[in-house]
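Letters A, B and C mark the chains as written, and numbering starts fresh at 1 in each.
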């Protein structure tokens, strides 16, 4: 990828703006002929809880996948904490980053998936401790202590010795939240975390997330169809349509008095 | 059948088992190496490993064995019969096994790899901690079938005059003239070895499944 | 170490091609035997009577779990003693057909099982006779899945035909060995035989994969 005009304006090693944690600059992502994100710009400040809403296929999940480096942008740059995510600076120029750089930046980011994606070959405790031990280099005792604290937070202390298949969907998702938090990420990505759950299990998972939003200073980026939850926890809501942010603002504004007709239509369809 | 002839056949059976175990060890190494190579990100690695598989699946194990035994010495390497047999069987069945390994690796959902990426595991950690533990139980039933095929393949080594079961049976037939009896007995011996192999593999499969929390799913046979 | 001689290859080629013709005959005749016998086993194994399924099941398991080579020796040395004298090629075809019928039986079983149960029930609801149900409803649907799998066993059988050289059938390997035994130079004949196997079996298996994609959807 060549450094286009938008990149040349970027100063080398910019001072982190204090509050700005995530920055998308002219990010474009295509799947074949389909442009999912179209020169997208947006920023998220440290400690904020941001919810992405919009019709399906509007590119919300792609944003999370780009941040998690599960996909790479076709154009543009993403920075987390001032560090380029999929680029490196070499000799004052931006080049696509090697695996090592990506892995280093990735450690600041955690993700909870729609389908939980717990490792079925590991018991609950090991699902949570495996990465802290083998990626962060914690001792087994430290990791286990951390895991016990998190299991208490998500209300699953007594299930530490079970395999994921022995838990309900809601319990699995709470383990997945604990697993992501055990890495102490700066940013937590939540990708439709309640969509795969039976209705009666949704509340338990959302309660845990509300707790986390209230009691930690972790930055949360959340794709959800649970509008009441979005209203509760969000500092900002971004409305997506066709690969662009068409409107953003605090939840009271977006949910009660949106500026865009498109937002109004979307909300009346889902609420 | 007299006592000495039984000793002859049992000695042959022991060589057969050894030949099977050596070849299986080589085949397993090849299967994992080539199977992993076929999922590589580099096209050249995928291509070369694909050529390996098509080559060894395309040729006849017996012809390969003869080639290693008769033709290689002319190139300056003299292989003892047992090693020509082990090499031919291991390389051939390794090619079949690599398809099993590849299939099992691909059967692990992509979401598992993504979850491992999200936890910052290195590629090697992803493979060792997440993908392989889930893939290995899937491999056990087809590996069992291949091991039986391999056991049957060891009989080919008799044509290189390796003193395994089929070769000793030939000697026994020549000395007694009791063809029906001798070959009937060794067919049963092969069947018994195959039976034991299958039992052991089932046990290993159950173990592998229990270690990844699938114990409850292990019952009721695998398809 | 001696050098590869193309002249030598040219000299031995006619004999090796004679062997190839025998190999092809054995493969095709063996396939016909295996297809027919396998269908017999598959249908017998669906019999409601345990007096049929048990012995047939035991025979199939036994034949599948023991080496073809030993089975060939058994047929070759034992059958004449029972008054059944066949030529080596016929014996080889019987051996191949019997051995591979235990695999084709499994192919048929899987193909038949893959036909949805609703098809049997619909046939019953229409009061179709059992024979008609098999011929008009079940087998045509099983056919799509069965053909590619059977094709793979034809290739496997092709690659197993060199075993027939052990019971003096004049196949490719037999020819290569007899050439080597007179010239003391095995390099060219055995290499050519190996190459011929790949040259035939690889394109065939590619064709089969194409066929499989067409038939199984």
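By our rule, contacts are C-beta pairs under 8 Å (C-beta built on N, C-alpha and C of every residue); 3 or more make two chains touch, one makes a residue touch a chain.
Everything numeric here is computed off the predicted structure, so don't read it as measured data.
Connectivity of the assembly in the absence of chain B: the other chains, held in place, form the touching groups A | C.
By C-beta contact pairs, the most connected chain pair is B-C. Chain centroids computed from C-alpha atoms place B closest to the centre of all protein C-alpha atoms shown. Among the remaining chains, the Cα-based centre furthest from that of chain C is the centre of A.
Per-chain Cα centroids separate chain B from chain C by 21 Å. With centres taken as mean Cα positions, chain C sits 56 Å from chain A. Measuring from the averaged C-alpha position of chain A to that of chain B gives a distance of 45 Å. Multi-chain contact residues, meaning those touching two or more other chains, do not occur anywhere in chain B. Residue ranges of chain C in contact with chain B, taken from their complex: 1-2, 62, 65-71, 73-74, 77-78, 81, 159-163, 166, 172-173, 176-177, 180, 185-187, 190-191, 193-194, 197-198, 201-202, 205. Residues 109, 111-112, 114-123, 125, 129-130, 133-134, 211-214, 216 of chain B are the ones that touch chain A when the two sit in their complex.
Interface residues of chain A facing chain B in the complex, by the touch rule stated above, are 68-70, 99, 103, 106-107, 109-111, 113, 115, 117-123, 130-131, 134-135, 163-166, 179-180, 183.
On chain B, the positions that touch chain C within their shared complex are 54-55, 57-64, 66-67, 70-71, 74-76, 148, 151-156, 158-159, 166, 169-170, 173, 179-180, 183-184, 186-187, 190-191, 194-195.
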